[in-house]
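Here is the structure we will look at.
Chain lettering (A, B and C) follows the sequence in which the chains are written, and residue indices restart at 1 in each chain.
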Amino acid sequence: MILHPGILALIVGSVLTFAMLLYAAVTGLGILMRWDLQSSSEEQLLMERKTSLISTLINYAFGFQILSLLLFLYTADQLHPQFVGAMCATGTLNANPAGWNVLFLKIILFFASAFWIAVNTLDQRAEDFPLIRPKYTALLFLTPLVGLDLYFQLRYFTGLHPEVITSCCGALFSERGFAIASGLAGLPPRPMMILFYGVLTTNLGITLLCRKTSSGAVRFLLASISVVTFFVGIASIVSFVSIYIYELPSHHCPFDILQQGYAFIGYPIYLTLFGGVFFGTLPGLFYPMKKIATLKELIERSEQRWILLSALLIGSFTALCSWPVVFGHFTLQGYL
Amino acid sequence: MMEAGLIQAEGVDKIYNRGKPDEIRALTNVSLQIKPGEVVVLKGPSGSGKTSLLSLIGCMARPTSGRVLVRDKDVAKLPERFLTQIRRKTFGFIFQQFNLIRKADVLENIALPLFPCNMTMAETRERAEAILDRFGLSGKRNRKVHRLSGGEQQRVAIARALINNPEVLIADEPTAHLDRKLAEDLAEILSALHRDGKTVIIATHDPFLYDHPFVDRIIVMQDGRIEGVIPS
Amino acid sequence: MRHLKILEYALSSLLRRKYKNLSLVAVYAFTVSILASILFLTHALKREAVAVFSDAPDLIVQKVSAGRHDLIPTGYLDSIRTIAGVGDVHPRYWGYYFDAMTQSNFTFLGINENLAGLELVQGRMPAEKGECTIGQGVAQAQFTGVGDQLVLIDSRRRSISFRIVGIFDAASNLLSNDLVLMTQRGLREFFDFPSGRATDIVVEVYNPDEISTVAAKIKKMLPDTRPIAKAELFRTYDSVFNWRSGMMLTLFSAALVAFSILAWDKAAGISGDEKGEIGILKAVGWDIADILELKFWEGIVISLTALLVGLTVAFVHVFLFNAPLLTPVLKGWSVLFPTFRLTPYIDLYQVFVIALLTVTPYVACTVIPSWKAAVTDPEMVMRG
């Protein structure tokens, strides 16, 4: 275990977030069991009021999740000198297999809580709480995920052993002195670029189509392509966007771009990708809920905004990723 | 039954602390209809359920059973959020107590209902200033409320009730804490509102108010029921 | 627009309860300043140490016998010189000395004539056997100055005196504080080094990429040695300082807990006054969500104020006054705590950590009380 201030902050934050979610889930469970919209009892009124408590708890927890995702990456970056061969946060994550689990879980949690909040926002705008049951049922699944996140973080941090000089020998040459994988192996840049532009063009095409028709199939298609875009986007950042930004043919770290040295370019890149993918999946996700009378109109109104936002964000993401490729000094010529 | 009622109550019951030992039945099977532009007085002894009825009509609370319709929309089962929205748009309240924030200044107190609305700060200020002018309080705009006289406080409370330009003004015992002179001022303001076509609902047992010429209708309450309507 | 107006109301509402909120901010800021002082101090010390080590040799070779660091035969020098890619190889003589009188540890270092890089000296470097140059910490502990004698007891209980010819500047670095510098010959005689032995060997490697290769070769050629690369020293120091600040944070987490309890109490114990106000707001058309937002802004304003004040206090405490309140705790690290000014330095990462460490508990403690306030029944206002 490395006792590092950043790690303490992460664990304190996660414990509290988990506690908040647990409270929300238990409250939600109580509501699930006794909810009766037709009743005008004071208990029902109290439950209706408790929905606002749950929303607040989840909103704060979501905020913490985003901050802790960032803090997690920063801390991994701060810790990398502790590990032989680690050049950046990637190396720290490699140091213990739980590291990547934490990262993936945090990303899953990001999307899951964002979806939950989207559903909740919509539900609150309808007069009859139409989604109260699915919403609080989902909460029962979201909470263990946050617990799992806490668990993996604890496992990860307790399993980190800094490679310090031991009494017998320098760590570099100690018997178990192995150099951890220092980076991620990227997929070959040229084919990846073709895939990247192919997928993004398709994505934008389907988005435009969505604005024209109200067909459910097109919305599901958009949701699917958004998911594909997410993975292709991440793979492309690792494979070629990073090396164009770092101007180093072998530096594939997807986290260094978040740092000052690269003008914080990573934030807009990830923000547009995550945001674009999120809004792209919303129309498909909410399409089945159009069957609910009180939601139909609300969804149809919001949908146009989601589609527009998705198109804008994905477009900006494409532009941001293309910028260093088109205008940078770096060329792949010699390296292929 | 469904014609032009601005506010309608149909078989409304209100029971406090239901199912508990201190259960209290405040309203029993109350039905009434109020038309736009009417001045209606709820009259009855203390504990007869006037305030309870006002808060149901004004979307402050939900009935235990029965229907309350505001502009033909049933608000009896509406989530609080939507009740608040309707209340904000439709009603202005003058409370039995002035219910001002004592340590805040006059301007802020008057602007309170506008804070959660979507308008700019400048517009909010403008509206508040306009209404201050109308009630002759401009000179006192930055005065803390607890340094005002009772009559001035009363005017601040009325100004606040009117800042949203509500269609319906609800006043609960508005003269309870006023002397005769101030009560006359209040009656003057209320009849001016009446002339402007506002609907006014007053709960009172002050004869000065319910005998006032601007009153269209008196609803007499007793033990949570409507005993009679004058003129019927 | 709505949000800005609610923020404005939040500000005026906070000002209306000045004293209550000021006391909360004071305690909050105090907690922040404790945590921030710890982080700033350990980070500044770490930076000093790293700065010292950046001058350190690329590769040091120590002898290990019976699992412990032992004096190294100077004969190894020649073996090491035969390895390709190795530049200058020379022995170092140093050791620790426990001064019974002041109950403190000194570091003795023998210099050879070509030693450079330590220019920050008042007076001069020792030139002959009976002379020494000492760090500020040593000078203070011994109440001595340039021209005085430094009297030391050697391992045979003989007292040997050295003439102090120089003192390292107070503004010098972390490591020079407890340092006593003497000639190599003086040191060897004082510690009674067997002939042909040194403390360790410094190896220059031309190409930094080859350090590990060279080290591996040395280890193979001389199995009883332990080569240590500079990178490892960095790593070790980094880890030690992280550990220390983490440890101290844990120790002081009591402060955080105490603060959380207070925050909870303040938030939960909403005065009748405030409850009345919230009732009025609800009655005149504020929604639950609006009150929650009001509470959110209040929390933001209080947190930001407390963070700003706390960070400033910590900055002044650590960098202007050298952390007088933390030194008793830190004394355990080394009896001679540096008295020099730390170089002011704050990085965003630390601020982020402190913010998360203090704001998270605050928010978690206030969210339920805030909600309780927000669901105040508006009807209550109708009856006064």
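Please note the rule applied: contacts are C-beta pairs under 8 Å (C-beta built on N, C-alpha and C of every residue); 3 or more make two chains touch, one makes a residue touch a chain.
As the structure is a prediction and not an experimental result, all values here were calculated from the model.
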Quick one: do these chains touch in a line, a ring, a star, all-to-all (complete), or other? complete
Using mean Cα positions as chain centres, tell me which chain lies farthest from chain C. B
By Cα-centroid distance to the whole-protein Cα centroid, the innermost chain is A
Would you kindly tell me how far, in whole Å, the mean C-alpha position of chain B lies from that of chain A? 49
How many Å are there between the centre of chain A and the centre of chain C, using C-alpha atoms for each centre? 34
At what distance in angstrom does the C-alpha mean of chain C lie from that of chain B? 64
On chain C, where are the residues touching two or more other chains? 288-289
Chain B: positions in contact with at least two other chains: 80-81
Residues within chain A bordering two or more other chains: 49
Chain C to chain B touching residues, read off their complex: 1-2, 4-6, 8-9, 12, 16, 277, 279-290, 377-379, 381-384
Within the complex, chain C is touched by chain A residues 2-10, 12-13, 16-17, 19-20, 23, 49, 52-53, 56-57, 60, 64, 67-68, 70-71, 74, 78, 81-82, 84, 162-165, 167-173
In the complex, go through chain B and note every residue touching chain A. 17-19, 62-65, 76-82
Touching chain C in the complex: which residues of chain B? 51, 54-55, 60-61, 80-81, 84-85, 87-88, 93, 95-97, 99-101, 103-104, 108, 112-121, 124, 160, 164, 172
Under the touch definition given earlier, write down the residues of chain C that touch chain A in their complex. 38-39, 64, 67-68, 212, 215-216, 219, 226-229, 231-236, 238-240, 242-243, 245-247, 249-250, 256, 288-289, 292, 349-350, 352-354, 356-357, 360-361, 363-364, 367-368, 370-371, 374-375
